[in-house]
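Chain IDs A, B, C and D follow the sequence of writing; residue 1 opens each chain.
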Amino acid sequence: MKKLINQPEAFVDEMLEGLLLAHGCSLRSVRSDNRALIRADSPRAGKVGIVTGGGSGHLPVFLGYVGEGLADGVAVGGVFQSPGAEQILSATQGVNGGAGVLYLFGNYQGDVLNFEMAGELAEMEDIPTRTVLVSDDVASAPPEEWQKRRGVAGLFFAYKIAGAKAESMASLEEVEAVAKKVVANTRSMGVALTPCTVPEVGRPSFSIGDDEMEIGMGIHGEPGISRTKLRPADEVAAEITQRIVSDLPFKGGDEVAVLVNGLGSTCLEELYIMFRRVAKELEDRDISIYRTYVGEYATSLEMAGCSVTLLKLDGELKELLDAPAHSPFFEQIGR
Amino acid sequence: MKKLINQPEAFVDEMLEGLLLAHGCSLRSVRSDNRALIRADSPRAGKVGIVTGGGSGHLPVFLGYVGEGLADGVAVGGVFQSPGAEQILSATQGVNGGAGVLYLFGNYQGDVLNFEMAGELAEMEDIPTRTVLVSDDVASAPPEEWQKRRGVAGLFFAYKIAGAKAESMASLEEVEAVAKKVVANTRSMGVALTPCTVPEVGRPSFSIGDDEMEIGMGIHGEPGISRTKLRPADEVAAEITQRIVSDLPFKGGDEVAVLVNGLGSTCLEELYIMFRRVAKELEDRDISIYRTYVGEYATSLEMAGCSVTLLKLDGELKELLDAPAHSPFFEQIGR
Amino acid sequence: MPGGLGACLEAVKNEVNEAKDWLIDLDAAIGDGDLGLTMARGFTAIADEYQQSPQADVGRALVRAGMTFNRVAPSTMGTLMATALLRGGKALAGKENPSNEDIVQALEAAIGGIGERGKSQVGDKTILDVLQPAVETLKRELADGKDLPQAWSTALTAAEKGFEQTANMVSKVGRASWFGEKSVGKHDAGAGLGLVLWRAIQKHFEAGRES
Amino acid sequence: MPGGLGACLEAVKNEVNEAKDWLIDLDAAIGDGDLGLTMARGFTAIADEYQQSPQADVGRALVRAGMTFNRVAPSTMGTLMATALLRGGKALAGKENPSNEDIVQALEAAIGGIGERGKSQVGDKTILDVLQPAVETLKRELADGKDLPQAWSTALTAAEKGFEQTANMVSKVGRASWFGEKSVGKHDAGAGLGLVLWRAIQKHFEAGRES
């Protein structure tokens, strides 16, 4: 894949420089380390801080969800690489308003290990932390082991809802509890059509035939559940929806939020063609859509494909989902 | 390019169906023709209506800019094809609140001809219309013939500012005047790295070597001004900025809005790497950035590449640029 | 005309569909390559529509065809064809059996419409470079006392010459104009369409004469 | 150790850099292929850092190396290596010339740290399947009265055997675990790294003995 970049090794740091030039009113770095970013108005006294983080190459994940009604801080890793414990600690210190910090991120071992290390260091500084892992990718483990699954676009719902809860000045326990509730009620599955190329690696992350697609593939090219010939969008949407719905399971009468997420080079037009069928599948099952998001919410560089995420809602989650939110990458004015 | 679609001929209509399912609160079709869409709250009595339109395949252009503080109606063509005069007329009727209608769209002949026909039909119904063409693509004609240029991502600034003006209940003449002012002060240039594939055509719109790029290429693959080996982002950004700056020309002391726009498969990370250098080039010339937009604002299906747009601001334009705006594809809360 | 307007539209439809790929290739060289598709769609739609509900008033039939053409093919040429049909139709309003004079007037109105809508003229490397000399020749031949098929046939030679000449011209309007000097050496696609249309009717007359 | 900690770190750095592509390939088969890059980066950084500012206290030096390692290579293995260095360093705090016993204790603390941080154990198809038997053998051989280089050399055989056995195992943790049964037949990349590390020090001892 052709890229508009300079030295591949400079990819992340130049991206961050550009980003801070563009959004310096909203974001700032901690102790001049651009890989530890926090809301410009951090820390907010008495508010639970939410710190997230992970590898680069997934914009707007992760740093795009640092903002009002979302997360407060982020540690930024290399492309598809975990951030270091030091940067996570910096972000933790930067957002600590005295009410504790929630670590909210996707379930990848490198990230888990580094957040764990950072949490131990934060504890030594008397900053209490809790961790909630997002593990929404249905393709990555069987239902009874859902907590072992990878985190994908469902991260968005976790940020949106935990962020709104924290903004309401809830306690660390309350924010943790609602984050766990989101995660327990969120399910995703993706389909990949082409691989992406990590700049420093220089060749595609996996190979796939010109006429093939893979359902269930992970956002770093982790193996999926079925590789087939390229199929029509309607078939793909129907299969993915069925797999997600039967997993939680979502049932007739449920109210859900839907996210149809582009992985990179798949265009918005296609995402709406996919959503069209997802909506029909849900209607057929008497599951009603409360709110819809279509766009690029969690990408894999220039991978082609998309993912579908469903979140089962209740009164509390609906209210928090509808709350306003505001970051350089995501704005929601309210219902 | 692999696509998540069904029958290629159904691409536009299925996309529109999905879009209306997702955003039925904000948008509605006129007389059940999904190719003529208007704001759900149209017509607004006494407000100038802004109608735009053009080919599909450029989301969020065009229909993504129908919303509060933006355009009011849109006629949707086939992929890279003009909409018909009938649909433009429908949108015109749908948004007519008695204060007249501004036709605001990109300078492509097919569109021009159809908007002209529609305008004649609207006149017969006593709906006064004015037309402002966006022609910001520096690569498409010499400076003295800037009004013959094609319209590209600069459309965004035209919608944003004319939309804000119309929202303030200004007259048709006033809205037309400010739209003309935006267009006269907006300059863009793009670079393409890969072609895109129109679904019904099924093969790439042009061919380009695996190690080549083309500066100045149009959003439908129109010929650019120089095809070279792939160059580092910094060089590309510097050249594009230089060409834009010297065209208007932008001068030391000017205040500008900057838009770095992705054409489709180029990832956000790369756009920030480009912006980093654009910002530096402007700083070196003592041109100050008042507001920055980075993202996908006007695409060409899954083409790889990006464009840079500069808008020279004055007090009036700054105020209008800062006004809130809200559509399913673009939200701005204000400064 | 032999078989009336319906048969004539049918003849054009068939000829345009046969020339589809040729038109695509011509347009692809210095345009976007859609001309064959849009014209096949447009001329098929108006022939089929007429077949389903014929109309004695040739003027009205052409106006309706113009509206339909724009709906199914709102490209540059689609809109120019729609304009031509609307103008030609207006000129023939109320006529069920237009005279040769009526036909020439309608054709002049039609190409006048193209030039007005397109803000273009002969020499800009467009369809006008075929239609204008063809209509002029047709008019002169009819004035000289030839019958319509004879005159049309002579005009075809002018159309062909016009088409050939577009290869020497620099594109002044539309998409092809972005190629500037690079457009020299290539025929204009719209001129190709003009030739196809003129030839379609010429063949139709010939078939009518033989039968 | 011959040449002290600095020379030892240098030896490891060189060996890991040499094995870079091999580690990449191993990790690419059932992982993401970054192991060679991250480990080359990590071991280069800590060796260079020590070279620039050596530290007599081996414990302190290792703790510092652990922090550095995590900063430059915060991948799974990078974090496990950092943890191992931190734990090993803590065990050697204040020692300038650690005894054989100290070394065994530090190694046990290090692999204990890996297991704790990774919530993993022997049999999960990880680096532990190399390091655990190697350290056990080292300890036994030293208890039997062998000197450090001898014992280390014998333990290398255990490490090699451990590495070979990972090919028969199903991955239980980390990225490779997503391959489940498909991981059987492939060696574990982290185990490969364990072998490279052990062999690096063995060669270093050998070179020390020869010189």
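Everything below uses one rule, namely that a contact is a pair of C-beta atoms (placed from the backbone, for glycine too) under 8 Å apart; a residue touches a chain by one contact, two chains touch by 3 or more.
Keep in mind the model is a prediction, meaning the values are calculated, not measured.
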Minimal step count in the chain contact network, subunit B to subunit D: 2
Centroid comparison with subunit C (C-alpha atoms), farthest chain: D
Euclidean distance of C-alpha centroids - subunit B vs subunit C, Å: 34
Distance from the mean Cα position of subunit D to that of subunit C, given in whole angstrom: 80
Separation of mean Cα positions, subunit B and subunit A [Å, integer]: 29
Per-residue multi-chain contacts in subunit D, two or more chains: none
Multi-partner residues of subunit B (at least 2 other chains): none
Overall pattern in which the protein chains touch one another (line/ring/star/complete/other): line
Chains grouped in pairs wherever the two touch, ordered by label: A-B, A-D, B-C
Residues of subunit B defined as touching subunit C within the complex: 77, 80-86, 109-110, 113-114, 116-117, 140, 150, 200-201, 205, 218, 220-223
Residue ranges of subunit D touching subunit A (in the complex, touch as defined): 32-34, 37-38, 67, 70-71, 74-76, 78-80, 82-83, 117-118, 173-175, 178-179, 182
Residues of subunit A defined as touching subunit B within the complex: 1-7, 11-12, 14-19, 21-23, 56-57, 59-60, 191, 193-194, 210-211, 213, 230, 232-234, 236, 264-277, 279, 292, 294-296, 299, 301-302, 304-306, 326, 329, 331-333
